[in-house]
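Have a look at this one before I ask anything.
We just call them A, B, C and D in the order they show up, numbering each chain from 1.
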Amino acid sequence: MLDLIREFSPGLAILLTNPQFAFIQLLNSISQGMNLFIIAAGLSLIFGVLKVINFAHGVFYMFGAYVVHTVFMDWGAPFWVGAIASALALGVIAAIIERTLFRQIYEAEHLMQLLLTFAIVLIMGDLAKVIWGTEQYSVSYPASLKGATDLGITFYPSYRLMLCIIGPLILIALYWFAERTRWGRMTKAATQDREMLAALGINVPLIYTSVFILGSALAGFGGALAAPFSSPVPGMDATLIVECFVIVIVGGLGSLWGTFVGALLYGLVFNFGSVIYPNGQDVFAYLLLLVVLLIRPWGLYGKPEAGGH
Amino acid sequence: MSALLSIKNLWKDFGGFVATRDVTFDLEEGERHAIIGPNGAGKTTFFNLITGHMHPSKGSVEFRGKDITGIPPHKVVKLGIARSFQRINIFPRMSVFENVQVALMSREGQSLKMFKLCFDLHVAETNQLLDTVGLLTEAEETAGELAYGKQKQLELAIALAENPDVLLLDEPTAGMSPTETGDAIKLVDRITKERGLTLLFTEHDMGVVFGISDRISVLHHGEIIASGLPDDVRNDPEVRRIYLGEDADAAA
Amino acid sequence: MTSPLSKTGMAACLIILILCALTPLLQSDYLIDVVTEILIVALFALSLNIIIGYSGNVSFGHAAYFAIGGYVNAILLTTYGWPLLPSAVAGVLAATLTAAIVAYFCTRLTDIYFAMLTLAFSMLVWAIVFKWRSLTNGDDGFTPVHVPAMIDDRTAFFYFTMIVIVVSIAVLWVITHSAFGRSLVAVRENVGRAGFVGIHTRRMRWQAFVIAGFFAGVAGVLFGMYHRGMYVESAFWTQSAQVLIMTLLGGIYSFFGPLIGAAVLFMLERLTNEYTEYWPTVLGVILLAILLFQPDGLVGLGKRIKNKFGGGGSP
Amino acid sequence: MKRILAGAVALAAMGAGSAALAQDIKIGVLYPTSGGGAIYGGPAMVGHNLAVDEINAAGGINGRMLVTVARDSKLNPAAAASAAKEMVTKDGVDVLMGGLSSAVGLAISEVAKQEGIVYLATIPKTIQMTTSKLHPHVFRTSSNTDFEGDAMAQLIKKIGGKKVCDIQLDYAYGHDLADGLKAALKRHAPDVEVVLDLRPKLRATDYNVFITQIMGAGCDVVTSGLWGSHFVDFAQQASPFGLFNNIKAYISGGEVASHEIAGKMGDDYPPNVISNTYELWYHAVSPNHKVFQEKIAEKSGTKETAMWPVLSYTGVKFYAEAVAKSGGTKSEGIIKALEGMTIDTPVGPRTINAADHQANTGQFWGPMVKKDGFSYKVMDPVTYIPAEIK
């Protein structure tokens, strides 16, 4: 029986006979999923409030990876300083873009908004080439996380383990922000009724700007965290943004928890899929999307679109 | 069973908020029936439930004795129920002519015909309808650029193009000046008489309501609290208390 | 205007047609190549505009049908040695059929959801093309494509392409000026009202998507034979975005707009690439300019200029 | 539309005009000069330009000067094919040269076939180019995947590997190298078993899922053709798992023994790597080579030069020799001249086989070790494995 399985899929055979290997794949799934969650959470957050799908989110992620390379590798600052710098840099870039460009199009059709963000992708992609050239950079692991951690049953790279922890922490932080702070409650209200909030004398544009900054900073931070295994290089944003789209659609647009679940599912499907049937690597993620949409057109935790009435 | 449109125990609630509460209502063939009620009484919801724009939570809608509860709008309209909307609801970037022509093509089941050129389709009938509502001279203008009152007239033309038996008008004079209102009412009056249409409409202007309706129903908090001839409704103590009480002058 | 093509419009079409047909007389291989490719890309853009301009939805995954048409035809011609006609028909049918299935899902949604779903589906097609190496030759691209001897010559292929494209554009013109086409515009303008004049709006949007898929397939079939190869990039979402920008640049509210947009953008890309690698920036700036200043594209701009300088009355 | 046509006509006229200008010989060259491949495309252009300059300084070929028309291949077969076609139809080049990735090479080769123009592949190694997709107009002056696979099999045998995990990029080069390696193993070491075939994408950066599979499969040798930054990323991510320490050797094609990779990685270069290169700046094989290396060093502004210039240099030299021999640039003459031609290159004589248009370009192989005087790992000992299938 096992020989038959091995014939069909050597990966599956190892998976079945080697629990340690299965456990490692589980950790792979979680760490990848969590890294994607951090990025996709920003996308989802922005959509939730601004109702704009930001194609440029991928480019923000790429900038995050580049910035950490510059600060950490070139300037020799600690990795975490680089990661924070990435988040801050993207926050600033986001603020500028929101104030100058996005402002113009909140009232426009969604098509226009979508395409505007795509124009930003094109221009910022080239800007990155001007600043950093076209070389592919390597970013080292931070010294403290360079090795592997003994988990009892197996060793696992410390850096990846850190991702498994930091993802849920960010989820909790975002929840706390949304539910427990005044800013969070106002943001929530802005998603429901913009006019009402404006009538109450609350500065809605400021809320929009701040949400856009936070969401983009998450992209930058996520990009920085990904840099050691997704080396900064032109074009790295093109596939990532689609992965993020898949995650937020699976989870349901605008739902933070949905994004979390979507990212985890993505990690699981990608990693176990790749082991069982290496040739299907990318196909699995899209099949996941298909299956989810067949059952729930608005994603696992999404609400039917409000546009209709 | 003789009623053209028969509504039985209709409910609609939006997550706890009841917009339509156990409404039972008959619309007789050929009558002109007004629905009145204060803002938020559930008039538009009531229309939406009839025309399939919303699904009722409970109850049924029958048209000519056939259950049409929950069937989609594009099928409802084919049965002979046309309506106008409270907010302007036309095809703004198309010409006035095209607005009406599209409705005619749909009525004739031509919407999916890919190789039937549209230039010569229903030209005469479209022009005749535009003439009826007084828009013939504006036929080639872009609909979205018409004056408000004219857009309302266009809506009526679109509704008529569907060749309905029943016409539902949701506040046909909303937002109009007094002269425009007068003209619009005359138009509705003339058309329904000429075509022998059954009319169900909601309206704020009590002058209009009592001027042209055969019967009136009063909707309050989603419930029909009175229904009958204009004079009966006018004298209904319940209606006077909760509705006309604050608006007695207009009713008089 | 409800009248069919005006006399001047007809004359203009005829002149352009004749000019195109005379291209090979200039004895420039380069020019023949350029016009051939522009014709193909123009059909691709026109097909996309059925979804965008006519049904009012944004597809970010139109490249998928282009790629399917191209790949299926290329594989049947080359690997299985089919004759041109059945192979090309199969390519176009495959594209149409896929579009029909995808449209079934996508037309349940509108707006952003629609756009993202079309994108996701196209990436599924991309992933399959990429990974099905035994059939498509994966990342290396499917080369060479066996082109039947009859059209295996620059000039012959040019005329073949021109005939196919002109016929396709004519059919598209009829469709967009049919009862269906006009009703579709009504759906774009006001879905709710369209539904309540009795138009089955979802069915309309579905049909528009399928037609668009069909003609994208035709363009793909020609593209594969023109390049003697199909490449995975042709299914990638950025390809969809590029054709979307072409359509938008020309103007989505006019039938011939996307054709003009395709020609202009195509030439611009070639010229830019000779001088700089920063074509994306040029594209991005163009896109920004359209979005912020000229939402109805070059055709709209032309009309505006015309109105300003007095030629107002003509169509 | 009319205006566009007019523009196009003008452009075509421009192209035609410049073609008629002189008796210059135009070389259309395609290397990736932007994107991830630029670090190879750049040095490749240095070698190319050196050859062109040398020939022109010596008075050209029969009095005709060489002119380079360079385009960016962008590591993208579709873009490269379009660019190649345009160079032929618009710029009127006499020959096509270059290509980096195998997919790009095949795409250019297809254009060459269509347009009836000679293409010299100076870097792409996919065997298909000189076997299943061979046509009269394509020649290869670099090594190929069969030679490389054969060398790898010899090395596996030499170190006594038994269980092999193979990880190759998912495109022509990777697949063909895997095939070449497997065929060679049957010849050299039939008892060796390949237990795992992994295929990350070209331009992949995250190898976690592959690394963990290799760890799980328990092989004693890992074979690979992950080149350039693919290898850099793979090595960095595999280190925490201890992959390189748990195997006998990581035997790699793709020239990761070249100085540009070893120099870039420094201390991060993993242990137990055996790999190949076309040339090493610190290992002069002849006085000729030393002169060449110094010239390259001068042109590129660093003593520690890259490996790629020798390939592009050799391509130009072959073509120049063929033009001189045939007395013109006509494709038929060039083809005839190139078949069976031998020239002396900085790293030894090379002959193009008349039957399959493949040059007998072998490579230097050896383990990568720390050595005094170098801040990065170097190949020691260096062994030249000739281009032959035994």
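The working rule: a residue touches a chain if its C-beta (ideal position, glycine included) is under 8 Å from a C-beta of that chain, and two chains touch if they have at least 3 such contacts.
Computed from a prediction, not measured in an experiment: that's the story for all the values here.
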| item | value |
| --- | --- |
| Shortest chain-hopping distance from subunit A out to subunit C | 1 |
| Geometric centre: closest chain by C-alpha means | C |
| Averaged-CA centre spacing for the pair subunit D and subunit B, given as whole angstrom | 76 |
| Centre-to-centre distance between subunit D and subunit C (centres being mean Cα positions), rounded to whole Å | 37 |
| Centroid spacing, where centroids are CA-atom means, of subunit B and subunit C in whole angstrom | 42 |
| Centroid distance [mean C-alpha coordinates] between subunit B and subunit A, Å | 49 |
| Sequence positions of subunit C contacting 2 or more other chains | 130-131, 133, 277 |
| Residues within subunit A bordering two or more other chains | 129, 279 |
| Where subunit D touches two or more other chains, by residue | 34 |
| Topology of the chain contact graph, where touching chains are joined (line, ring, star, complete, other) | other |
| Pairs of chains found to touch, sorted by chain label | A-C, A-D, B-C, C-D |
| Touching residues on subunit D, where the partner in the complex is subunit A | 34-36, 38-39, 195-199, 203, 205-209, 212-213, 215-217, 228-229, 232-233, 236-237, 239-242, 264-265, 268 |
| List of subunit C residues in touch with subunit B within their complex | 1-4, 174-175, 177-183, 185-186, 189-190, 192-201, 203-204, 207, 211, 253 |
| Interfacial residue positions of subunit B with respect to subunit C in the complex | 51, 53, 72-78, 82-83, 85, 89-95, 97-99, 101-103, 105-107, 110-119, 121, 123, 140, 158, 161-162 |
| Complex contact set, residues of subunit C against subunit D | 15-16, 19-20, 26, 28-31, 33-35, 38, 130-131, 133, 138-141, 143-144, 227-229, 231, 233-234, 259-260, 263-264, 267, 270-271, 273, 277 |
| Interface residues, subunit D side, partner subunit C - complex | 1-2, 4-5, 7-9, 11-12, 15-16, 33-34, 72, 76-78, 81-83, 85-86, 88-90, 102-103, 106-107, 110, 113-114, 126, 133, 170-172, 175, 201-202 |
